[in-house]
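Accompanying notes for the structure given below.
Per-chain residue numbering starts at 1, and chain names A, B, C and D are given in the order in which the chains are listed.
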Amino acid sequence: MEYLKILFNILVFPGCLFVGAMGLLLSGIDRKVLARMQKRVGPPIIQPLYDFLKLLGKETIVPKAANRKVFLGAPVVGFAALVVTAALIPVLGYRAFEGSADLIVLLYLLTIPAVALIIGGSSSGNPYAGIGISREMVTMMSYELPLICIFLAVAKKVGGSTLCFSLSQIAAYQQANGSLIGCVSLLPAAAAMLLVIPAEVGTQPFDVAEAETEILEGPLIEYSGAPLAVFKLNTSMKMYIMTALFSALFLGGLATGVTALDVLIQVLLCIALTLICMTTIHAVTARLKIEHLFKFYWTVVAGLAALSLVLVWLGF
Amino acid sequence: MMFPFIKEAVANLFSRPSTENFPAQPVTAKPGYRGRINYDPEKCINCGMCIKVCSPAAITREFEDVEGGQKITYHFDLTSCTFCGTCQDFCEEKAVTLSDDYLMFAENKEDLIVSGTRIKEKVKGKLTCADGCIYCGLCARNCPENAITVDRASKSWSVDHDKCIQCGKCISKCPKKVLSFAEPAPEGVICGSDCVFCGLCAKKCPVGAITVDRATKSWSIDREKCVQCGLCIKSCPKKTLSMGPIE
Amino acid sequence: MIKKAIANSMQKSPWLYHVNTGSCNGCDIELVACLTPRYDVERFGFKLAGSPRHADIVVVSGPITSQSKERLLRTLEQVPEPYCIVTLGSCPQSGNVFKGSYSVEAPIDKFCHVDVAIAGCTVKPEAVIAGLYKATEILKKKREAMNK
Amino acid sequence: MSYIHFPVIAVMTLFMGAFLTVVFGRKSKAVRNILALAASCTAFVLICCLIKPVLIDGEIISYWMGNWSPVEGYAIGIGYEIDQLGMFFALITVFTVLMSCIYSIRYMERDSALDFYNVLFLMLSGSVLGLVLTGDVFNMFIMIEIMTFTSVGLAAFRNNKAGSVEAGFKYLVIGSIGSSMTLFGVAILYGNCHTLNMAQLSSILAGKLTPSTLMAFALMFTGLAVKSYIVPFHTPAADAYTTAPASISMVFSGMVNKAGVYGMIRLVYIIFRAMDKSSVQLLMVIFGVVTMFVGVTMALAQHDFKRLLAFHSISQIGYVITAAGLGSALGLTAGLFHAMNHTLFKGLLFLCAGAVYYAAGTTNLDKLGGLSKKMPKTCICFLIGAFSISGLPPFNGFASKWLVYQAVYEKAVTSGNIFYAFATVAAVVVSVMTLASFIKVTQAVFFGQLPASLENVQEVPALMRLPMWIMSALCVLTGVFYDQVNKWLLAPAAGAALNVSGYIDRMMGEGYAAEAGVVNIPVFAARFSFWNPVVWLLLFIIVLAAFCLAIIGSSGDRASISSAPADAEDGKYATFFSGEKSMPSHVSGSDLFWGFKKNWKGYFKVMDGIHSGRVNDYALYVVCAAALITVFVFGFVR
């Protein structure tokens, strides 16, 4: 029974199926609203599902220069890591794995999909992919600094003078004391997190790694068919995971205790966050250069996060 | 401001999209649009000017001899056309026009070829130049088949009837209106000036169509009766009777 | 059932890869115009892809100059099945005004099978939309043929 | 009990092996190899035999050379004392020696003068093993000296290659300064305490810090820091690791480096028992953070595979020093764990670099590429090593780094010092940069485009791959079963470092420690959170399997995966170069992260100036740093 529950958690909710569906929904909404912001009609909301299914039906070509195992394994590894990540993040009140989540673990689990993309792209032996992975890696270096500052600030706020990296503890603290976003010292951290999300997901203006117009989708250039579908799905799932992480870190106080209602609230929150930090920014900006992206994250965003860390440390 | 478009983006969110609902609501092209070529073979005089002026050589024609004339087919290859409209401009008879139909796509390339056929009867006489020609050469210059040769120096005008396609372009271009397709005059027995009015022909005529009056020195023939057997020509002592065009 | 859904999706999510083989840029601009708010082909799921490996529809414009012929063929080889080739404008089909030049290899039929030819010089965006839509139907048919 | 002789025999075997190689190994390759293998296997087996009594039963072995046991409470003979800490490092040492020995049989076959190589190698091994097993500070110094001079010889071994003699010379100068400082420190201690035995020193020095012992502390700290190559003493390491044969680079980073770390831990935790002082903690953490940061940023700028690995060695030692410098049980556990993991993954990576050198003849990142098709097994090993060092779950680097972060941040919140919070941030950022530079290597060596000159590269022989496979397997196993590792290796070792009284009593007689006023610090077992990698690994596999099934199920038609037949000339499987037939990559491997480097231009310029390559400058850094440490110690440690 216990194992059945774990299996359910991994495969259906909040794992595989739920996170996949949420990812597709969020990216569908993102595309639709983006189109509307540009005064277009836009694709139907289920367009990402069509894309996914279509790619499954396409032939998968493994280039001669590629290392077959690595090339085909990379997307699946990324996908599995994302599913595990999703299962770790509490859905407001509902925690699939009681007390098991840990901020550092999350930090590293979140790098796996990016690394999978990098290794997969790299193994294809394409020079465009080479440039793409370089950019992907620099992007990763850019957002990792603010992200860890945010995590530490939250951990300090919740833990006080004890070590607290557990998401469950953070959720419990918020249910007792209200959402962390209401806390002045964590406002800069929340703002920084909102800016980290698009870079982590890789939406414009931070999609330098997959700039399809200049480096032909970078690491994905040689991918086709099902592996490409999985990579696209990974990107969509990251949308859900990052927004869910935001709500777990800063909006945990909204939990009502009724699981169904919590899930609904979570879905709405994720949609709202997607619209705020991905769609709107996408609609009003153009793609950055990679060196500017790095500078932006290590000055503005990291500055916000570090400010928050210092404020929390000073006891605000 | 760092993000100049944010206001617009949010405003757009609440306004109607400016997208045309195209396949559902067909759109008419703006006036002056040059789309699919329409060819009216009935109007066409087969002058070939369109072929001559077409820069991508998109227009071709075929001839085929059939009973009662010639089958002329024009092909307008839309996959080769630049839609410049020159053929339309040059067509005297307005047989070629560019419509506003822009939906030109097909799975088979053949579907994108506009063709028209008509059968041209063999009617006209040969091109002739009457008196009054000033040897300006306009006819030669406008002849699509280069069948006409005009030499101003020697004041000569000639036509190669094998080349002539009888399009009539030269006739319309002629400033003195002296060119024409000469109708082939009906043939019949005619009497020349050497006639001595001997009456042998009248005697020989099997149908009695010829009347000779020595007194008034007149020779006449009833064309209705004549069967053009040629006996009179054979019998004429002065060899002045012949078959020839009747005036 | 999955196969049916995949075949349906094939029609609903065609990604374009655009090859310019020496085009004057007129048709290219019109293709891009289709992405603008006024025409917005994303309504039908069309998207410009960066790599032929992602493409469902390869859009060829230009009269296929000798230099670009090999590149075009290499690119076409790398597109995964099922895919369609759509030509844009007169050039690829005939060479248009460049016909007969020593450096022009048109028509494209010599090298590959063209699924939909869109005529015009340049093509009108509406024609592009209609032509591409036709191509998606062909895509679906091709996918269904693969199922058997 | 017979096993108390094992440690000495192990050390002796290695030295004897060296001696016998000189005598018999001149002519015959087989004799040389058998001698080296026999010596390292014997040492390995002997040390492994001690696992049961020392690590499991918790016994501390003491051994007085020539049975010169203490007289009237004063240790007059040389004593070997094997506590769990020493045992931990001894295991690391013998393992590294064995792996290196197996690897070098094929790897070194193209070199000449291999008898010298084996002599130096076995002496180096013996000295490091002696260093970690000894209980005598002067003996420790002797071993450090042997270690330094054999290292110099090995670093300059391939003297037909440019830079190797230079590297040896740098190593000699810097190493000698370090050794001399250690010697001065030992001398001062002897003058003060009239003993050289560590256990006795520990009990005498407890709580009594006079200016002269502080001076000794500063000098010995510097001397041992030079041996562990932390910044600013790292300069000879970069050169030596690069020019030495890969089997030796692996030994350098796997155990010579660790010997220095072991010395520092022994010094601050046991001899001086200074880790409860926040100033010492700060000193070590500052050194650790600077080391990890400078090491990784320098690594990002490297063009040579092995030189890059060398700078990563420096950077990873920074983690060890940072964690060990926290003075907490969690910190020490994390530090030891990372030291052990560093031996595994860095050794593995050096072996891979050696394999690439063996197969392709160069380690220049700009000239390599696309080797994954030619050397798939090496590639897999390298990826495991690279993921381990970058700390990706579920590899061992993740487990230890995770502990390091926890330890540092715990220190931050419990002490309320925001410096430690930023140290945590630095550690994470350094980890990402580590990942970045290994992505660079992956792209530049194993993936990317295959240069025409490397078309005929072959996979390396199985005997070279064997140590690589063993270490890869250990990288995964220690990462997944880290709680077992913690239970059997780390917790005893950390406990030994924190509870000195047992150590003193075993050596000097029961009750000696209590008499001298040594009290045990209560040790809590390192806290591992609920995160259980084994469970997650299983789930990972479930998901993976389910996904593979789904993919296979949905594509029973022509749309299935098609890869190129072996001899396909089909353009379909060619790489897409925008239609071109082929195109060289315009970004060579070493310049991959220009987006990052552009923003750091100023920093790299300064670093370029600092790493001038002049041994005078480097010696100056050592002396300056020694002076600074002395000032710091006199100013803040009390």
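Just so we're on the same page, a contact is a pair of C-beta atoms (placed from the backbone, for glycine too) under 8 Å apart; a residue touches a chain by one contact, two chains touch by 3 or more.
Computed from a predicted structure; not experimentally measured.
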Does A-B or A-D have the larger number of C-beta pairs in contact? A-D
Distance-to-centre winner among chains (Cα means, whole assembly as reference): A
From the mean C-alpha coordinate of chain A to that of chain B, what's the distance rounded to whole Å? 75
Please work out the Cα centroid separation of chain A and chain C, and write it as a whole number of Å. 34
Calculate how many whole Å lie between the centre of chain C and the centre of chain D, each centre taken as the average of the chain's C-alpha atoms. 57
Considering chain B alone, which of its residues make contact with at least two other chains? 17-19
Where chain A touches two or more other chains at once, the residues are 35, 38-42, 56-61, 216, 221-222, 225
Can you list the chain C residues in contact with two or more other chains? 2-3, 6, 37, 40, 43, 51, 53, 78, 80-82, 146
Within their complex, state which residues of chain A touch chain D. 6-7, 10-11, 15-16, 56-65, 67-68, 70, 72, 76-77, 79-81, 83-84, 87, 99-100, 102, 104-105, 107-109, 111-112, 115, 118-119, 122-128, 130-131, 133-135, 137-138, 140-141, 144-145, 148-149, 152, 155-156, 159-163, 165-166, 208, 216, 221-222, 225-226, 230, 289-291, 293-295, 298, 306, 309-310, 313
List of chain A residues in touch with chain C within their complex: 31, 35, 38-44, 47, 49-54, 56-61, 212-213, 215-217, 220-225, 228
Residue set of chain D touching chain A in the complex reads 370, 372-373, 376, 379, 383, 387, 390-393, 398, 402, 405-406, 409-410, 412-414, 416, 418, 421, 424-425, 428-429, 432-433, 435-436, 439-440, 442-443, 447-450, 529-532, 536, 539-540, 542-544, 546-548, 551, 554-555, 558-564, 568, 572-578, 583-587, 592-596, 598-599
Chain C contact footprint on chain B (complex, rising order): 17-20, 22-23, 27, 29, 33, 35, 55-58, 77-83, 102-107, 109, 112
Chain A-facing residues of chain B, complex: 3-6, 9-10, 12-13, 15, 17-19
